[in-house]
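Note that chain A is present in both complexes that follow, paired respectively with chain B and with chain C.
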Partner chain A sequence: MDPHIQSYKKLGGVLGVLLVLTAVTVGVSRLDLGSLSLGVAMVIAGTKSALVLLFFMHLKYESWLIRGSFLMTIGVLALFIGFMFWDVGFR
Partner chain B sequence: MIPRPWAVSTERNRAIPMGETMSNAVTSFYDTPFPARFRGVWSWLFTLDHKRIALLYLGAATFWFIIAVVLGFLVRMELMTPGRTIMGAETYNAAFTLHGVIMIFLFVIPAMPAIFGNFLLPIQIGTDDVFFPKLNLLSWYLYMLGGALAIVSLFADGPPDTGWTFYVPFSVSTQTNVGLTLTAAFILGLSSMLTGLNFITTVHRMRVPGMGWLQIPLFTWSLYATAWVQLLATPVLSITLLLVVFERVFGTGLFDPARGGDPVLYQHLFWMYSHPAVYIMILPGMGVISEIIPVFSRKSIFGYKAIVGSSIGIATAGSLVWAHHMFTSGMSDVAVFVFSFLTFIVAVPSAIKVFSWVSTMYKGSILMTPPLFFALCFIYLFSVGGLTGLVLGAAGPNIQVHDTHFVVAHFHFVMFGGTGFSFFAGLHFWWPKMFGRMYHFKRAYLSAILIVTGFMLHYVPMFILGLQGMPRRYYDYLEQFAPGNFFAGLGALIMVPGLFLMVINLMVSLKQPVDAPADPWGGTTLEWSVPSPPPLHNFIERPRPGKYPYDFSRVRTP
Partner chain C sequence: MGSHHDTVGARTGMWLFLYTEIMLFGGLFVLYSAYYRMHAQAFISTGQELDTVLGSVNTVILLVSSFLVAAAITAVQRSQTKGAMALLTGAVLLGMVFLANKYLEWGHKFHLGIYPGSPGLEDSPPGRIVFYGLYYTITGLHALHIVMGMVLLIVCIAMIGFGRIQKERFLLLENCGLYWHLVDLIWIFIFPLFYLIL
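After this line comes the complex of A and B, so read on.
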């Protein structure tokens, strides 16, 4: 079978995990984690978007070139924001 | 009969193997509308053919280029003598703003990828179109919409007077029509992004089987590197321009220190796009030169892999140097140090390219033609522009020459001497491919000589004026700056007629019969293996790319 065509079972499973993680997001938001709350929320959100990208957007089945291209865009965003701190952080 | 010097000078230099097997009797894309149901002007306005879209861009970009040249010329005439010469101060502010905005957003950024890229990228990689033909047409419409809005902004509430950088707080407080101009720039950015996206996908997905990454011609490589910058940097500008519109309409205070905002933040965001944008402007030009030099040296390009690597290097390093525009803005000293250092790194890949072009010519069998002449001018002018960029990138001298005419001269050496000349070189190089007609060589040389002579007289005095301390954008100046400004004006009087002569010479060639050979120069990349002008689907049979795109061993030399 073409690896780009995934079974309903697998897609349904991913959907299930996403729904569970959404519930976790809501649940965690009610706990008082102090300074950790932002980090925890970001990790859950990151995991969810990774699942969407990997399975629903087929990134898992792409070549290293496409995957690398995607990761590079994230890296560029991080650099753009990060490099501003050479100014903001030392003013 | 119209004299055709090329028929004598290039006939004997034609490449034999591939071009000869295909005749020009094939129906060209001009006679094959796509989609086929449209006729006449509709076959252009609704076309999905990458070659027609390229020509649509060529027409529109030429229009904008001429407008911007005239505006720039008027600015220079105003400055030719002290005091009021031909226009008032407010008109002057609007004229230099529009010169910059039109030249940059409507000509220099889109010209090379949208015209040559659209026309040649699919052919160079051996395919029949770009990956998203409809998106390609949409990009053109967005480009036209952006251009139309820029015109409208002229006539409603007065033209913008901020300069092309739209710096806050002035761009937020000025009463002129900045909002509309920003919207225009926003839409033009979207057009640019879509073109970039299209090229990346096309290069990834549509290369003819057998063409690996290191068999891609260097012009396509440069477009590929450019496309990434277009795709990743342009959104930053779009967001920034929207923030200024928000600031003007809702007074959000993002850039207002009184409300916790930061005006320097605007400069960061603006240059985060606009510095990479100068690489969007220059990289395809470098790609054009990398095609022209080997063809007319009859010699394989020196350092193919180094040129590919330097394209990627420029795209990467060039995206990380934006704050060197801000050394006097009050940002931290650490940032000044870091960005100054990074700026010097960009010089390395640029120098690799210049070195490789010169080395390609060394011991080559050089054939002088108008494209090569423009390309040689490019190498010289770009080198001057690049090296003076280091003066500006060094944190110390920058303080002295910041916002002076030195910056104006540097910028024009790179953007006009670099991108402009490579555009002219590419236009003369691929003109027979695009239109199937050759132009008059002597007039082409004459125009090139006028342009480059005028150019030197125009911009070299500006370097001196800048070092003497004359600020940019000023309407009037002290008596001691008068000679320099006079000479610069004189240069414009030589350069502008040269530009018009070049355009007219190319236009006149369109009256001739379509008779240019498939490969008038002896090129080796795939576009020279198809008829001039190419048929609708570019290739009659599936092309077989060579192991190396610049193998001249089968090209006959005189």
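After this line comes the complex of A and C, so read on.
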């Protein structure tokens, strides 16, 4: 079993960053970035989910099997979304 | 560690289940992206009808509750039984506040006559109808997951109380925690896509 113990301080630090990123994404949405705004919001959401996955969900300390299969799942989902844009874009 | 507890297998199984959850919501997000491309303007203007403040508050609630669950695992690992139970209780209470906000939010929309199939919504442009259809489907499915996650956390609190979850044996708490974090993870994407004007 994974004997890794994460300190309260470290988990609190991760929470702090997550809250700051939430404030940033709300702030950025008020700016008029045009077509860039969706991309910026998704990059921030991606960063937040990476923090939750790596620290709260211990993905950082998991075996290659779990890390690899997780990346494959996200890859398949990205493929779905990519093909969908390809399909809709060339109609 | 007892030989009859296959922790690697149980945790791998939990992750496999999480992948199916990611695909379940992922499919709905694919649908969102397709309709966003077709009705970008309607999505942007309809998104402004949602309450950004309530959405932000719910985001903070879920992030803090995720932190509490992660901290509860640390507490169990340090044999701080009472602390772990208090942290998990805090997470369940935050889940309740989240659902109360959702109730207010949906209730307000229903009051305005905006719900799937409502006469007021049927006369709207197609993009607005689709936006609200996705909004109710995705946030509704997400709220069901919150309810399920709260039940799992309550089970964990009881198991800690009975000494079934402790320093040497906390896999159940880890797996229930993973589920709770996943629900948080999905909200991290729901929030900008629906509440922030894109």
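Keep this in mind: the second predicted complex is superposed on the first by the 77 of 91 C-alpha atoms of A that agree within 3 Å, B and C clash if a C-alpha of one lies under 4 Å from a C-alpha of the other, contacts with A are read in each partner's own complex, and residues count from 1 in each chain.
Note that a residue touches a chain if its C-beta (ideal position, glycine included) is under 8 Å from a C-beta of that chain, and two chains touch if they have at least 3 such contacts.
Please read these numbers as outputs of a predicted model, since none were measured by experiment.
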Check your understanding: Looking at the overlay, does A:L11 come into contact with chain B only (first), chain C only (second), both, or neither?
Key -> second
Review point. Which partner does A:F90 reach: the first (chain B), the second (chain C), both, or neither?
Key: first
Study note, to complete from the structure: Comparing chain B and chain C in the superposed model, the one touching more of chain A is C
Check your understanding: Should A:L65 be classified as contacting the first partner (chain B), the second (chain C), both, or neither?
Key -> both
Review point. Just chain B (first), just chain C (second), both, or neither: which does A:L79 touch?
Key: first
Practice item. Using the superposition on chain A described above, determine whether A:F56 touches chain B (first), chain C (second), both, or neither. Key: second
Practice item. Using the touch definition from the top, say if A:A41 reaches chain B (first), chain C (second), both or neither. Key: second
Practice item. Would you tell me the residues on chain A in contact with chain B in one complex that are also in contact with chain C in the other? Key: 65-66, 69, 73, 76, 80, 84, 88-89
Review point. In the complex formed with chain B, which residues of chain A make contact?
Key: 65-66, 69, 73, 76, 79-80, 83-84, 86-91
Check your understanding: In their shared complex, at which residues does chain A touch chain C?
Key -> 1, 5-8, 11-12, 14-15, 18-19, 22, 25-26, 29, 37-38, 41-42, 44-45, 48-49, 52-53, 55-58, 62-63, 65-66, 69-70, 73-74, 76-77, 80-81, 84-85, 88-89
Study note, to complete from the structure: chain A partner, complex, touching residues on chain C are 1, 7-8, 11-12, 15-16, 19, 22-23, 26-27, 29-30, 33-34, 37-38, 52, 56, 59-60, 63-64, 66-67, 69-71, 73-74, 77-78, 171, 174, 177-178, 181-182, 184-185, 188-189, 191-193, 196-198
Study note, to complete from the structure: Per the touch rule, the chain B residues reaching chain A in their complex are 200, 204, 231-232, 236, 264, 268, 272, 319-320, 323, 331-335, 338-339
